[in-house]
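Chains: A, B and C, in written order; residue numbering restarts at 1 for each.
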Amino acid sequence: MDFEGETTAALDTMFVLFSGYLVFMMQNGFAMLTAGSVRTKNTKNVLLKNLLDACVGAMGYWIFGYAFAYGNPIDPDTDEEIVNPFIGHTYFALANLPEDAFVSFFFQWTFAATAATIVSGSVAERTSFYAYLGYAFFLTSFVYPVVSHWVWGGGWLSTLFEVGVIDFAGCSVVHMVGGVAGLVGAILVGPRMGRFDAEGNVVPMPGHSATLCTLGTFILWFGWYGFNPGSTLAIFGTGSTLTAQRCAVTTTLAAAAAGLVVLIIVKIRDHIFDLISVLNGVLAGLVSITAVCFSAEPYAAVVIGGIGGGLYLLGGWALLKLKIDDPLEAFPIHGVCGAWGCFAVGLFSTPWGQLNAGLGVDGDRVIHTGAFYINPDTDSRSGVLLGANCIAILVIAAWTAALIGSLFLIFKFAGILRISPEIEILGNDVSKHGGSAYPEEPLETGPPAKDNLGFDESMKIPHKAEKEEGFVEDDIDAEKTVEV
Amino acid sequence: MDFEGETTAALDTMFVLFSGYLVFMMQNGFAMLTAGSVRTKNTKNVLLKNLLDACVGAMGYWIFGYAFAYGNPIDPDTDEEIVNPFIGHTYFALANLPEDAFVSFFFQWTFAATAATIVSGSVAERTSFYAYLGYAFFLTSFVYPVVSHWVWGGGWLSTLFEVGVIDFAGCSVVHMVGGVAGLVGAILVGPRMGRFDAEGNVVPMPGHSATLCTLGTFILWFGWYGFNPGSTLAIFGTGSTLTAQRCAVTTTLAAAAAGLVVLIIVKIRDHIFDLISVLNGVLAGLVSITAVCFSAEPYAAVVIGGIGGGLYLLGGWALLKLKIDDPLEAFPIHGVCGAWGCFAVGLFSTPWGQLNAGLGVDGDRVIHTGAFYINPDTDSRSGVLLGANCIAILVIAAWTAALIGSLFLIFKFAGILRISPEIEILGNDVSKHGGSAYPEEPLETGPPAKDNLGFDESMKIPHKAEKEEGFVEDDIDAEKTVEV
Amino acid sequence: MDFEGETTAALDTMFVLFSGYLVFMMQNGFAMLTAGSVRTKNTKNVLLKNLLDACVGAMGYWIFGYAFAYGNPIDPDTDEEIVNPFIGHTYFALANLPEDAFVSFFFQWTFAATAATIVSGSVAERTSFYAYLGYAFFLTSFVYPVVSHWVWGGGWLSTLFEVGVIDFAGCSVVHMVGGVAGLVGAILVGPRMGRFDAEGNVVPMPGHSATLCTLGTFILWFGWYGFNPGSTLAIFGTGSTLTAQRCAVTTTLAAAAAGLVVLIIVKIRDHIFDLISVLNGVLAGLVSITAVCFSAEPYAAVVIGGIGGGLYLLGGWALLKLKIDDPLEAFPIHGVCGAWGCFAVGLFSTPWGQLNAGLGVDGDRVIHTGAFYINPDTDSRSGVLLGANCIAILVIAAWTAALIGSLFLIFKFAGILRISPEIEILGNDVSKHGGSAYPEEPLETGPPAKDNLGFDESMKIPHKAEKEEGFVEDDIDAEKTVEV
């Protein structure tokens, strides 16, 4: 390769590698956020699930996922990619993958793992371990890869209405997949014991550490700079250079605006400055801008983020009205705002941003832009891009709900979807993970909502000192019951 | 653009973007450090303030800050920047900002947010929420941007005495602004209840988690590699490449030396190996080297950092003697060491380092160097650079103290500067933020220093289980009182 | 320098700098992992030790370490490096170091600090502070640098059997040095009080926070992307570009496979899903792939990682059988898997990977590859590389054990190796560090295993409120006893 080729390859590889590192760090962010959002008695459980997301996801995406997503074989005669519009079908277990595509596998794995980990929050504290592992493998090896093939891998959505669906960093492809899967999971698993009282009122179940939630959210924000600017997939070339830096700015402004909108609305509604809501608001803003970060104007990022903050609160309120228990509000954040962000592309995508990123263009000609902008090449507005993205929202939501719903129903009929009530009261940690995450802290005070459960003294959480004398805390032997 | 231009742009943009990501991560570091340094009852309060620094700072810096700092319009006739020596005046809300300057806005916003967040430590645990938000907006949209215009944006300090003030990564521009603002705030808000007893002796008020302090400090050190090397603002070109790597080395050595100096001094003084002091010592070293990191020799970095460690201890001692309560010692660390670091440029700045960075030079000719070095172009020593930097220290300290002091005095007279004694005893978290950051932990033992407050049983912190049954913990309605 | 040279320098410097930042962040990961793995009463102690690793390591590596490792002077006549096969001998305190080698010092320091910090886990909770500081200085300034000179600095192992030892990112050079030093330390310091009961059975001593362990492990995984891909030391050039991205993929797959293997084995053995074991398993996988990450095929990474997971469990089991107390299992993870990873190079190193990285090649000709691959240049298999690496394993283990063992024996005879039983029962934090890491939490319940220690009421840990009224908690004056 000549100097110019080597320079370009080095620049783009470095850019995608380091962006991928940041996206990987989001696993840590989700782990801390989830841990902080659950009660002490389930901390180790959710931490392990988050860690295994990354591990199971790596195996699933290595064996199947990348192949289904980007496995477009090269025609030896024409030297061009042969694209199946529905699914990729080569590079299983990375066999025959060109050496310069390893970086692509790495980067895309971090996205698959992100999609998987979003769900862990929705089904936290009461889902069985095996169901979770099965779900994580299925999502990272099939459900998510197929969606990403449609939009990013040359599949049918990428050519819809000539312009193709535009979802730059994955509002629909990543976040809506995770959020919808979480919603389906939360519905099928059912609410945590005591989450709604006899009259159907919500019983607060605050997580055990707001500090961990904050730590996790900051790490996620940090990781988002890999997620959004990194989705440029290149830094060399004027268009890429301009796109990446625009992404960093729009991502920042959307997060900040959403956080402030949520701060104000919750202050008016509940008369408190609610840290957890603002943290979620920031995440809602980050999700909302993810699809159009590459081409939105700064003011638009503020608007998109701010509306995303409001939609998150609306979605969270609706879930509680419907008695759906989503402990981390993953559906309002990732599902609702993911859909909103994908929709927002159809409104706010600028022609110059699309030219920089080479999206929705034919050479130097822009095909369709966001409906709020006049296309300089046609001198008219158009809702075609908006229409394409709306179809993507509907199709991806339906696909995810159908597949994940089927899997969770199978688990349900097999009796391995949810843990037993005894384990749920005791907590997963002492029941299945060998003891508390904080073995030196007294647990006598119990979970905040325990009085609502009407359990008697015999069910009382034993004192830690009794539970941890032996190597294995296994009075309730997971092997002997189906509730795992 | 041709290949060479595109390569340079891609390299420099990537370098500044990723450096900016690291500086952003410092928000997380400050949040963890501050949270760990306050008592449990105010944890959510300080976390939310730290998060809102970033959010409010993004809005403030977007609308006004960047324009005041770097808004030098281009003269359409000469194609040159029109620089007002006092303040920038275009690009408000990024209007008409060239697309290739988005990265600059992003990077500079992370610095503005850093300056803002430094203060949160000085005024922690007793300042009202509205006062804090107002301050954060004022600092990021006006006070800090004007200072950065003077030194970095072509303003009057950047041309002082021909050589101009040299403050590479912001000892005076960022840290001293934050530290002095914190000092003014700490004085005007007054000490926390019980911080000094009736005889004026200091009552220890240890933060609730040394682990969080350590986590935060490590993250800050990590982020400093974005702050200092990143301030090269470019990586392409021999001078930039050499400057960035020197910054990484000097930053490391100064931090390490300062930590060890503090370890030894405190061991001798107090007979303990004091983790918190060493953490602060490391930060003191990092601040101290920030101005001259680009050109200091390795030995000089050790000296500068080591002296910085000692000055931090001296400053912390002086504050307590003066009965000023700065819970995170933000003034000794950022204010005192910021001034010291700016001063140190005038002593330790090497001619070769200045040539690499293109600072204080006229073409290949060095104008003035640190007083300890002979300028090869004049074959003499000179104190002119030291003089320029001393003027910067005085002017910036005065500017910050005057403006922030005025704002805080307005808040004070309006009665919204400080929370009420009742809220201070109960803690901000249960009073205004809906409950404890750790709702499962019993709070009966109360804060360590409660006996000094002489409060009676009726003021006792209620048991968590009582406080968190309802959605909103709002017995003390912030709306009904001015103490917010 | 011309444009091509400047571009290459900028690319490679940026790559190594940012990789080094990630490796530095591993200090934070180790700090959190270690803190979470010890009991509350020693938290500040281990945090301070981890912080001082970095500080002492920076001083030691600055004054001596880098010189011993890479101090090969340039012959003024031939302009070539003069390499002493045993030790480097110039650039002490970075004197006369070329300006473009500063990045090398920075990157290599982060590795030295990693080697040092590994040990802190093995000797945690009962080693004296002075012994630890002495050890950290000795390891970073002499023991580790000499090893790295042998393998990476042109020393005798780098030319062994013509092919030279190949240890890409430091399985033997970094991890085995740390792990073996930890083993020697754990043996000589002896087990923690109460770790084995009168019958020799293991008494569980769980760390105080599984959340911190998880946080630390994720940060370490993140940092490993600096450690392994960063060890390419360049990104420009087709070979480097391909090597770096392969490293990212193999590192990921090995970590994931090891975590899953450990999950399954421990579930079968102990009937629990054990978070801590899986965390350690992930680390074992990361260590195992470190030497051959640059050239392993993806399937091989899975195999190497999976075996590493099993070896970690085996090593941990063996230590307990031998009544060696290694609180963080640093030897099984870093020592055993470090040796395994170095061995695995001799099996799995591919010829194309070596060509990309320029290791074990002579121009375009591969000298020897892993024994599982046919060398295309000789059309035969060979065990020579395996043999060279086995020699490296033995020599490095012996060197480390001899030197560190001698130092620890000297400390032992001087009576400053281990803290007194009184301090061990009370905990380091209240004894030597001024109070608990969490001063607001009641400590009455004491450590989980206290009943095994048979101490009486008079030794009971005093209530926090009593201990922290004064500035200095120093009833047990460290100055008056040798137990520090």
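By our rule, a residue touches a chain if its C-beta (ideal position, glycine included) is under 8 Å from a C-beta of that chain, and two chains touch if they have at least 3 such contacts.
Because the structure is predicted, anything quoted here is derived from the model rather than measured.
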Between copies chain A and chain B, what's the superposition rotation on C-alpha atoms, in steps of 5 degrees? 120
Does the chain A and chain C pair touch with the same residues on each side or with different residues, judged by whether over half of the numbers are shared? different
Whole-Å distance, chain A centre to chain C centre, using C-alpha means? 33
Can you tell me which residues of chain A touch two or more of the remaining chains? 7, 11, 14, 18, 209, 215, 441-442
Chain A residues touching chain B - in the complex, by the definition given at the top: 4, 7, 11, 14-15, 18, 22, 39-40, 202, 204, 206-211, 214-215, 217-219, 221-222, 225-226, 229, 235-238, 240-242, 244-246, 248-249, 252-253, 255-257, 259-260, 263, 270-275, 278-279, 282, 298-299, 302, 352, 356, 441-442, 445, 447-448
Which of the residues in chain A come into contact with chain C in the complex? 1, 3, 6-7, 9-11, 13-14, 17-18, 20-21, 24-25, 27-28, 31-32, 35, 43-44, 47-48, 50-52, 54-59, 62, 93-94, 99-100, 102-103, 105-106, 109, 129, 209, 212, 215, 432-435, 437-442, 464-465, 468-474, 477-479
